[in-house]
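First chain A sits with chain B, and in the next complex the same chain sits with chain C.
On to the complex of A and B.
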């Protein structure tokens, strides 16, 4: 999608000229994300849900929790699967049909950030070892596109999971049986926050908007956990990062991520 | 006869009687029915609905701003903010002695360049043919592109160009308005540019408001003081 849009030369020149002066096209500082709003329980019938705006980017995430068969090699762990989808109404270049490679990447990066931070303690999601476990499915839907879907989907999925209520199942007559009225929070151990940075020329900008996204040479998405440890990283684009730049990006992701984590914490406390 | 403008939605009866249906209305029996959301206008012998929103449909002789999105060895393709792609033949730029072997199209216009162009021919069956061989047409080298709804373009120009003159005078900006809703603003001072862009966005958002020219004037003057 974003790779097919042609940005006009005037805009490109303007963005580059402003960056030379240390400014951005929308007036933000280089390490300043756009305004983030998180609304939970956007879908009342889901086990958990959230609607996230980052500037004009909008993502809705729904969480479904249900019993499932475990993977053969991890019979003592529950499932967590995160997906992503772009609606054709989100951007003029999006078409229906099987997901494009960049959408598959989006889902994987978001999934990995949450999975590798061990946000959900999946070992507590077992109904009967090797037979039945609880599966947690977080499905992101992009409603409006203005750059940086990685972070938007990540915050949406995290916020939805933080406020999800999981039903209880018992193992009765060789099958999982729902126990009514015993909903509880998911076993949450940490709050992962992804921060995406774009490299335009020699400048690194946090949370690129749609125009910046179209002209950037490389990008890196770094996910940190509540202790400030980096737990996942994805690099994209044709250009590279120097060692110093990667270190700088790492530090930025911890610093910026900490502020965003406060927002997610507030969401978690509001939902309980 | 009720000559007043009124808001209509698709299916609304605009009027009855011997009128000629013009834009965005259909004639059923002697009823004239709107096909879009907009403001209906009844003239002496015709009825039309001015849409509140909508895509740009090319009309011959329209000035449009286009963005080069692709090219073949014989022509460029322009994004003109429409469901049609603008077709700019290479002869138009290189002249009659254009040779597909000798001339490289990217030497004149490359992907991402903006051009001011005029719709030379269009019949809805093929992509509109555009031309840049006229005075004031051609590649745009400086300025900022502002995108507004094509249906708001008449409002931005105003009655006999009052609105656009107001903005240009107050900000010292040169504004090129494409009928397709793309507007290029160039101005020497960054403040003027910002103000002009803001004024254009204001027109885009408040196109339905009466006395808009005064409101825009007020905004331009108040900002000037601060």
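On to the complex of A and C.
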């Protein structure tokens, strides 16, 4: 997934030949994501969790919610932080050690999509203004790799957040004190959905699988909210997009995202 | 207009922004090609209050060797901010933000540089942000393109970059620091005007599909303005000052 091999060249030729006939290696339509399965409460010790499969890509997200100090300039807002990590067991090329740039990008893009949609109303997560706020940490771990980690981590984090229960803390004796038995849903205002598209030659495919991911020229990840607005975008890869392609990708992300949002809505209703 | 001092007006009734610009007007941009003696190519850009220096080395041997590619040259980009470049001192160690921006700029430049002509070599681009004031990644990418051209590295096109965004419910060109903090959306765009390709694109903030379309087109038009200034900078160095 990092280095380009002779096998990749052969794969590319085959994938491109199929695309010329309007077909994909795994038989999907160009704008068709793989099957997505979402299992929530996979880790009961977490405040919320989800295990997401997109095809053979598998991600587990756990949400931890705990009192924290606010940032100095935003004492009236709680914290939301989302991370992502590739575990060494997810792919033979993944090594332990400090995160590679592509993993840092992954974590930041997933975080940005959820943050910029204002999914969680952090102004409701204040225990004592300027002193103590509630921190919501959504940590993704990639367990198995078959392309498109951006969407897998995004859906896992979103599903975990939608089904999270936050404890209640009161400000007593100058410190946050847990109030037992007062768990509630997080203040959710919208459901963000990211849709990642890969560009292979002049073709754009939704949700590239591992083979497509390895040989694609460029990619774009677009996150939309429940109102059908676009709230975050990240282009990557070593080629560019035309203006028309980028507009097209925007439209695709709204359309495909709406269908995936229904799945997440069902998860939210099931978790309540 | 009373109350201007109390709360910053991002966009007044005459369509003038907080720093006096019109909605489709970029900040003052000054690009200089060359300037560094040791680098193979260099450029300096002042983009509003941003001050950024770029040095390019290569094509040269790759260290560590295992990074080299027998089919093509590789491009390496380091975007780095000086500790004194921002209001509060920045830790000089590379942050996650800087690592991401380095990657995004690298991928924005790759389509422009003919790396396949130099197998087993590396082209290194070092970007030093001396002073930051919103929109550093665009200014850095713009200057990096000029520095690569200045190094004489074969290129298909130069990448020009600028941000479009949404401020006070209006799509504007070249979002500055205040507008980024208080504004509604920021969309940095890198564009190769001759090849008509977008090579850098990011967005944070909420846009309707219509506003999204408008934002991309405002950004692309802005890149064409920046492109002219890039060409002028190279012209000034190699053919003497061009009178406007």
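Observations on the structure shown:
Heads up, the rule we're going with is that the second predicted complex is superposed on the first by the 263 of 272 C-alpha atoms of A that agree within 3 Å, B and C clash if a C-alpha of one lies under 4 Å from a C-alpha of the other, contacts with A are read in each partner's own complex, and residues count from 1 in each chain.
Here is the rule we go by: a contact is a pair of C-beta atoms (placed from the backbone, for glycine too) under 8 Å apart; a residue touches a chain by one contact, two chains touch by 3 or more.
Please read these numbers as outputs of a predicted model, since none were measured by experiment.
The wider contact with chain A, measured as residues touched, comes from C rather than the other of chain B and chain C. Legend: residue contacts after superposition of the two complexes on their common chain; A:220 is shown touching chain C, with no touch to chain B.
By the document's definition of touching, of the two partners only chain B reaches A:11; chain C does not. Contact with neither chain B nor chain C is seen for A:85 once the two complexes are overlaid on the shared chain. Once chain A of one complex is fitted onto chain A of the other, the partner contacts of A:31 are absent, as it touches neither chain B nor chain C.
Counting contacts as defined above, no chain A residue meets chain B in one complex and chain C in the other. Contact residues of chain B toward chain A in the complex are 67-69, 79, 111-114, 140, 142-145, 184.
Put simply, chain A touches chain B in their complex at residues 6-12, 14.
Residue ranges on chain C touching chain A, taken from their complex, read 69, 71, 96-97, 99-100, 102-104, 107, 110-111, 187, 192, 195-209, 212-213, 216-217, 220. Note for the complex: chain A touches chain C at residues 4, 101-102, 104-105, 107-108, 112, 115-118, 218, 220, 225, 228-243, 246-247, 250-251, 254.
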